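A single structure is presented below for examination.
Each chain carries a letter (A, B, C, D, E, F, G and H) given by its place in the written order, and its residues are counted from 1.
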């Protein structure tokens, strides 16, 4: 995720990331190199359903949570 | 015990009355084996931020979705709102409406915030979740949660991870008399006999994590808990002898040699 | 649990740690089935005058000698002398040196007369019996009985047939620290969790009769007791978590969404 | 114990840590005498419709207002609104801001409706009442009630009138660690030792009614409770010996004759 | 409680039902003050070789013989013979026939050797001693000791100095039903409520030492124990309410405002 | 409390009573023959403070609660 | 067991029985119609081992106990 | 207790003491400087009653126990 003129700053799991302008959720998940089948994504407090990942583009300042299941009781 | 003694939860039938957590194991291999030996068919999982490092092992590799129903929890949430947000993500992720609703009220004891739990339950039931709330052993709250449509109530036996066993069997008994939904003892079970006691009281199932994962030999303890839950359930159905202060001979009292 | 976790009593190995009585069942068919479901390998029997009517069914028809070791008792004896006389007849009859030595001191509570029990044990051990004495939960007496050569000690958990469970786990623990022979909890077990508790304390086996035979469904209770003894033993070997007043989270405390 | 060990409640000092109810006595003479023997300085009263027959004896004839502080309760109320209405009448009648807030959630067990209790407490504290809420043994709720300004919290030991004693000392201990206001055990005390246990745990006072009024000899039981509360408090302050599994000789181990 | 509720032991009447030991105090001043505050009228003492250094303070300086009856013990004896020899010296020294007979069977737990105790009791009763034997909670032994003429039986509540409280109230109850001589709980009391429980069960008195002397503030604990014994006795006489699973309202259920 | 033309019907502790028109709370308490010092009065859900008893007149259909302390726990 | 001149009276399990003179333990067990494999016999307080049943003859006044196993705990 | 020709060796509370020949129990207690009212004496396993202290003389090898009450439970 190199910086350039047409970059968008978003927060992913609390840390700032820069992605190219127009980056979708689907693309973000790909860039994060996480197992896409095993994460869910929330954008600004709302779940982004998996079927809409390809169409939802990120905006400057978006707060994203990318979560998965871990061991718990 | 006939085949009809299944554990019915939210319209589904289960053979096992032991629900186990997946936290605190040494590694995924141990998790997988402990689940297997426990005989559980429902396993709880937590939802956390994914680690942004490639190649992380995933808990889901250890859990065969054909074999186990996932029960996501909202552990770590302190308000109804946080719990609802977590529930939404869990549903998206797990493709399940099952939810262990847990709203904590105190960090040190992990006691539930019963008020927030009830508030969250009302919303989540309306949104179609199958809500299993972790609560204190409060019969009035249990009835309210049943009234708003929870699929079961899950009173704690003792603080999470404390291993203190069933601290107050009287309250569990009263909850059992009060609600019609299943009563699942959640938290506090320390050893096999604790689990048996819960079932003997008439509770429908037991949920535990630390009692197994924290044992010196978690795999053997998983078996112990499986067997204890079965034993306790059978004892409940078999109808134990009443308690008496005095004795009652088991050998005949006549026919003695003289 | 490896195969080496056999219960060793007087040099013989048993898989089951549950010893069951044969009294108080409805009929011999029920006796036979209850024994079978309990998984027991050792069963107690009493000795009484034969009924002088032809065609009486015999308890021995219900007990396959290939499958079960007979453990004759001296139930109903009130003196060392009576117990010794009964032991002689039992040996003649059962072709076994096994003996559950029981000298009663009080008709209402069936508490043992520990003094007479010790006196009888001294004689019977010398005569070659494998003596398993039923006693109060008295560590000093337990050590004396070990010293005179008893093969195990069998402290009561509670009065015979009372179903009160393990009244005094502390004394059992102290007995376990005091003797090297097996400690078998005899009498007082009321339900499955009681049996599990005995094994979790470290006791080597449990002997019961009324707890099974007196249940509403003795056959199901026989299974419950079998499972509970296995569960309790596994929990003992698995090393339970320590008890704590406070909580310990089972889900991760980091990685929460914000 | 110095004079400074007073029980401080809402800024006032009391010598006695026993609060007693006035219900269920045979007559007013017995009520008066029982209160006197109990040593209580605070007594609870209920509010009911006056009987419209002239010449009815009045409870207030039995209670010297110079000697006892009246603590009106809202017993029988099932909603926050009913409790608030009752509180207003009680204040008008009793010329006191003291209030035992009791909102019942279940007629059979008389368990509190903790949610309604909290709602009522918020209102009543704002209206200037000194609110002492009867609650379940829920540490999170206790903290919320403290936060809204209650003068104490009064967790039940067991159901009202049940005499079961302190069912869950662990929860009481956790409540004591959680709040700074006094913790008064309310309901469930059956006999003197139950009251002593409450104080030994560190609870600041005990409230009871049936335990005294329902005894065969209420006057003697009033004395027993008075003495037990004093004994329990002293034991708490004196610092009991730790519990040990083994023994520790009280006579010297040297200097034996030989 | 009328004046007739004296504690009658061996034909003498006592007001106090608390018997205290004199071991383990910091110094004689503390001993003296603790005895005084306990309200005890009977105090136990041990017999040991005199220290051959002039000017040693003597325990007897701390014990006013007009106020306290001395109850010498045979602590530290492991055989009937040693106990008898000690008893002879104690009688010579104390000019009293009172004897707390204590024959230890195990150094670590200080559990009694019940067999040797019975043997010694037989001899000592014949020699005119007023024998109060320290024993396990064995009803059959208790009856034998009564039969040989002991003036009371003194079952342990828990190991000496352990502070574990009444481990097995069932056995104490059965002993109370079995013998007519006073039953004095000896050893194991840890705090005030333990003492109250003993009296509530119907035991006639309590003997303790470490529970007081080992407290952080022995003088205050002496008072606590005095009060607790009185409270427990009164509660026993007053007839406690029965235990019930459910509630019973203490405020009237009619006359509610509407 | 005889019936007449100028009577007012009120409910007292759940039962219908007729009082003369203009009857005050103070007068009602007197008529009820209860110890006035030991009762409190609620009118239509609101407490009527003792100091206002003499001035508050009852209206047709008023619901009154006249309460006192009884033994309770 | 009819009575005749040459009869012997013995007590079996507390009741008087008459057997012909010279009756052995083995014969007695046969007469009692009990399953010989499942009983043990005591004569005057001493066990009579099964292998000696055929040779031990009963004497007048002998007290015999014929016992078996029954259900017990 | 200086040593001389006419001394007797006795054991007191486990330690050897030498006393003049003919020494009585009463004299021994005096020599030990213990409070005579507060001790009892056993000689060779038998109590020597206080009233006989003055007449009982010690023999060579006597084992004496001189005991008192101490704190105990």
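Quick note on the criterion: contacts are C-beta pairs under 8 Å (C-beta built on N, C-alpha and C of every residue); 3 or more make two chains touch, one makes a residue touch a chain.
Given the structure is predicted, the values throughout are model-derived calculations rather than measurements.
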Would you pick out the chains that touch subunit F and also touch subunit H?
D, E
Steps needed, at minimum, to get from subunit F to subunit G via touching chains?
3
Is the C-beta contact count larger for B-E or for B-G?
B-G
Distance between the centres, which are taken as Cα means, of subunit C and subunit B, whole angstrom
32
Express in whole angstrom the distance between the two chain centres, defined as the mean CA positions of subunit A and subunit F.
70
Rounded to the nearest Å, the gap between Cα centres of subunit B and subunit D is 34
If you average the Cα atoms of subunit A and of subunit C to get two centres, how far apart are those centres in Å?
64
Can you tell me which residues of subunit G touch two or more of the remaining chains?
14, 42, 65, 67, 70-73
Touching two or more other chains in subunit D are residues 21, 23-24, 46-49, 73, 75, 85, 89, 109, 111, 159-160, 164, 170, 174, 209-210, 213, 245-246, 249-252, 255, 257
Chain pairs satisfying touch are A-B, A-C, B-C, B-D, B-E, B-G, C-D, C-E, C-G, D-E, D-F, D-H, E-F, E-H
Subunit A-touching residues of subunit C, taken from the complex the two chains share
250-252, 255, 257-258
Sort out for me which residues of subunit D touch subunit F in the complex.
21-25, 31, 44-50, 52, 54, 56, 58-60, 70, 72-73, 75, 85, 88-90, 92-94, 160, 187, 207-210, 213
What part of subunit E is in contact with subunit B in the complex they form?
170, 173-174, 245-246
The residues of subunit F that touch subunit E in their complex are 14, 42, 65, 67, 70-73
Given the complex with subunit D, which residues does subunit F contribute to the contact?
12-15, 32-35, 38-40, 42, 45, 47, 49-50, 65-73
